[in-house]
Amino acid sequence: MIRLAWRNLQRNKARTWLTAGGIGFAVLLVSFAMSLQSGSYEIMIDSATRYFTGHGQVSTDAYIKQPRFARTIANAESLQAALEAIDGLTVFPRVQAFGVVSKGEKSLGGMILGVDFAAERQQLDVYNNVIAGQIPAALDQALIGAAMARNIGAALGDEIVVLGSGKQGSVAAAVFIVAGIVETGQVELDRSLIFAPFASVADAFYLADEAHMLVLMLNDLSRLDEIVAKVEAQLPEPLGVQTWQQLMPLIEQSIELDKAGGYLFFSLLLILVTFAVVNTFVMVLFERTREFGLFMALGMRPWQVIGQVQFEALLLSLLGVLLGLGLAYPLLAYLTSVGIPLDQVGGEEVSRQMQMGSMSRIYPKATWPSMTTAPLVLIVGTQLAALISTVRVQGIRPVSALRAE
Amino acid sequence: MTEFAENAKATAPVVECRGVQRIYQQDSVPVYALRGADLTIHAGEFVSLAGPSGSGKSTLLNVIGGLDAFDAGSVSVGGVDLAALTPAQLAQTRLHNVGFVFQAYNLIPVLSARENVEFILQLQGVASQERRSRAEQALHSLGLAELGDRRPGELSGGQQQRVAIARAIVTEPVLLLADEPTANLDSKTTSELLAVLRDLNQQQGMTIVTATHDPIVMEYTSRQVTMLDGEIRQDGGVAA
Amino acid sequence: MDTLVLLFNLSLRNIVRYRRRNFFLFAAIAVAVGGTTLSNALIRGWQVDMLETAVSALTGHIKLQAPGFADDPGLDKAFAADPDIQLGGSVALAGVALRINLPAVISSERETRGVALVGINPAQEGISFYRDFVFEGQALTGSADGRLVIGKALAETLQTRVGRRVVVIVEDADGKSRERGYRIAGVFDAPIQWPEELLVFTGLQAMQQSLANSRLPTPVTEVSLVLQEEENRQLVQRELASKHPELVVTDWRQMSPQIAEIVDIVDATMAIWFVMIMGALTFGLVNTLIAAVMQRTQELGMLRALGMSDRLLLTQVVLESVGIMVVGVVFGLVLGVAMVFGLGDGIDLSSFSESVEAFGMSTLLRPVLNLEDLFLFGGLSVLLGLLASYFPARRALKISPLMAMNR
């Protein structure tokens, strides 16, 4: 049976190779694109979360709804300690306050972020973008956005004053020395951000063992669900966890949007290749009507003829799939190790806009779904194609078929 | 033999084959299709090439028609040495000097009978008005005047073959080649068609060569040539 | 010429004759072309929408500012502008808006935020997203209106509402911080989120009166222009630059480089998409075209036996390939256009609202049919048919006239 099918495929080599080639091309394209997609999503998520936001954040439910200064986490230190006990998790606290930042006569509205520099710089990429000076080491030092520095005319070593309202509405004030200037690439952040040591900001704004959020960083993002469950088990009542999906809906949705576009493309490609395969089998049938008539005159049942063509179809699609995967796999293996440089493709501004810090290369990632979707669809499609075009053999009358030209 | 043909014999022959050999390589074993065939055909003759399958009659016909190459000997048609021609020149020769009638009719299925006949004139670059009237005339002479608008699929085998003959003669070739023209026809239609060919030969002086293994055909031809194993065995009833 | 007509006729009839065999090929071509048309219309729609959104975000196609303002915005870098901007030639303007746009700090009794205070003449803002704002309370009545309108999101953050007072701190023309109380006339709901958080508006004239100094009684910090035809922007940019050497003239591509980059990437995406789909299609096409030649071996052999020249034979095969492609492409274009019209008013992307907005587009994706695109892709498809006919043509040339002798 295999031999007969193989021989039949060899009867018209050009057609066999063209059809298999079409299937192979589609398999190659879809597998490659899907692998590229899943690879790029991973790196997108990774670089986006590692930039500034973190993999997750703990804060009070009220703060999640509407971030207000007064909605703080109580007993932040002990909670942080408790959460850090979870394996594979790093936790650091932040306070976030709005205030007026001035240097001399010039003042601007800004966002003052109290952070644990030592912990954060090990985990987050935003600190790699310090363009002048260094990350603050002392309690009276601050790191400010580049545009803010320009706008208020502050240089390294200058003194800046931060004025805001503290917890009970009392006036909060602090003085910092500019230790470093950071350029995040996002205009709004650069214009308004001030990073200062956690303790100083908490102090100045009258917070006692309080934080607005605890940032969660995981060693392995694939364990997110498991670790979030453990974190939630530890949290007292008014606190909740937001994962990066909620914190950066932009990333999640961009992925969804990109996937939707991808599906449109893939289905278009697969449908049209399937149609082309149907076309091939329609031609096969046209050509072999006489032969099938002979078979049936010799006593073969229509379903046996259909079965034979089905077998040929299977062989054909397997050939195409092997061809496609045979090309896709080495290509992916190579690119997975080397990566595709992004800066040559363009899109720097875009990735910056998307808060994707240092995303210079995409590494495609071959996954089971990405490598099996196209082959499965096309194998099934080819069988269906062969079936659609051969059901007509039932209508063949041996005598007229033998006479057909 | 008619008087006309007798006279024509005095002029240069239409076809002259000398020692024609045709060797096919089949799985690197040489197969001799023609082993030195000699044949001279004069204007106005109606020649049948007979012989069993594999005798070389079709090959000889194809060589004369410039469809197939030959490996040794010489072939001239209408005084032109075929060996000296490029494929493009051969095509021109076929287009202008030779008419073909095939066993399988070979009409263009998507064109009507008239269009099929006009088609070849169009290839020759004949102006449309002249084309129309010549095609009409050719169809008329073969009794097809009524059927000009039908497509080949709507015609009987005999009618299709007559359209094919109309197509072959509309260019006024020096030679009409017919390869088993009646093989797909029943005996009554065969007789009718042969009568048509004989009339063409006798009334218009068309030189016709037909390859056949049907004994009836030979009854209509003016000269019977028999081939065997790639050689002429018998010519006009006389063993070669 | 006559012969060409005949060959054309012949090809057409052959295509009709083998329509059953070719049906699925037509279907494949139609899916390819139709799908490409649809996706292109969507992508174009996205592009147009993105461009419109970018331009309406107070940028305009062209903007004039004082040197250094972009880096360090302040009223010290203001200029006097004649609102009656004249453009030479036939370039038509959609609108001009004069504004003062300054960084400011806004405080309610509860919260403080950094924003941009924008002084506008509401009558001129038909070219920006201000026209799409939905107001609760009142909109600004005119350039002399000294009240404030703020975004809904900002109002929530500041925990304030229409009729309440807020304090705004800006620098005046002399570089002094001015603190001034404003009454909130209205709270606006914008089609996209960030203006609601970051922009507050007041009347331009009122703002000039409170901030100007004697040196410059009617300062503005920017003049924003929207043209009827975006393609003219470089022309206008050059013209304005030479007319106003003291100002910096930038176009939207310089002001929104991300958007410009996306717009460019979109063009490339469409091309890549098309090439891949058509590449996949080529296999089926070549396959069928070869079959179309093989199936008619005898017929083509006969044509050669009758003495048809190579050139004419090739012409016939090529014409038939192109013909098949044209039929498929026509079906495909009709299918694609029908699908686009089937989408009607567009696709609702509100479930992707945040990423959609980050890409600078609105949540309703309206497909845009571009006649040039249709012609381009239709034409390229037909060209593909032409190229694909190389293989069957090669086959056809190999057919010996002896093939006519079969059977």
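Note that the chains are named A, B and C in the order they appear, and that numbering of residues resets to 1 at the start of each chain.
Here is the rule we go by: contacts are C-beta pairs under 8 Å (C-beta built on N, C-alpha and C of every residue); 3 or more make two chains touch, one makes a residue touch a chain.
Predicted model only: the values in this text are computed from it and were never measured.
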Topology of the chain contact graph, where touching chains are joined (line, ring, star, complete, other): line
Central chain of the complex, centres being mean CA coordinates: C
Selected interface, A-C versus B-C, where C-beta contact pairs are more numerous: A-C
Length of the line joining the C-alpha centres of subunit A and subunit B, rounded to whole Å: 74
Mean-CA-position distance for subunit C and subunit B (Å): 68
Intercentroid distance (Cα basis), subunit C paired with subunit A, Å: 25
Multi-chain contact residues (two or more partners), subunit C: none
Of all residues in subunit B, those that touch subunit C in their complex: 58, 62, 65, 67-68, 87-88, 91-96, 98, 100, 102-104, 106, 108-111, 119-120, 122-123, 125, 128, 167, 179, 184
Residues of subunit A defined as touching subunit C within the complex: 12, 14-15, 18-19, 21-22, 25-26, 29, 66, 68-69, 98-100, 105-111, 147, 150-151, 164-165, 169, 188, 191-192, 249-254, 256-257, 261, 264-265, 268-269, 271-273, 275-280, 282-283, 286-287, 346-350, 352-354
Of all residues in subunit C, those that touch subunit B in their complex: 2-3, 6, 10, 13-14, 16-17, 298-299, 302-310, 312, 400-402, 404-407
Subunit A-touching residues of subunit C, taken from the complex the two chains share: 20-25, 27-29, 31-32, 35-36, 39, 71-73, 103-106, 110-115, 156-157, 169, 171, 175-177, 198, 257-258, 261-262, 264-265, 273, 276-277, 279-281, 283-288, 290-291, 294-295, 349, 351-356, 358-359
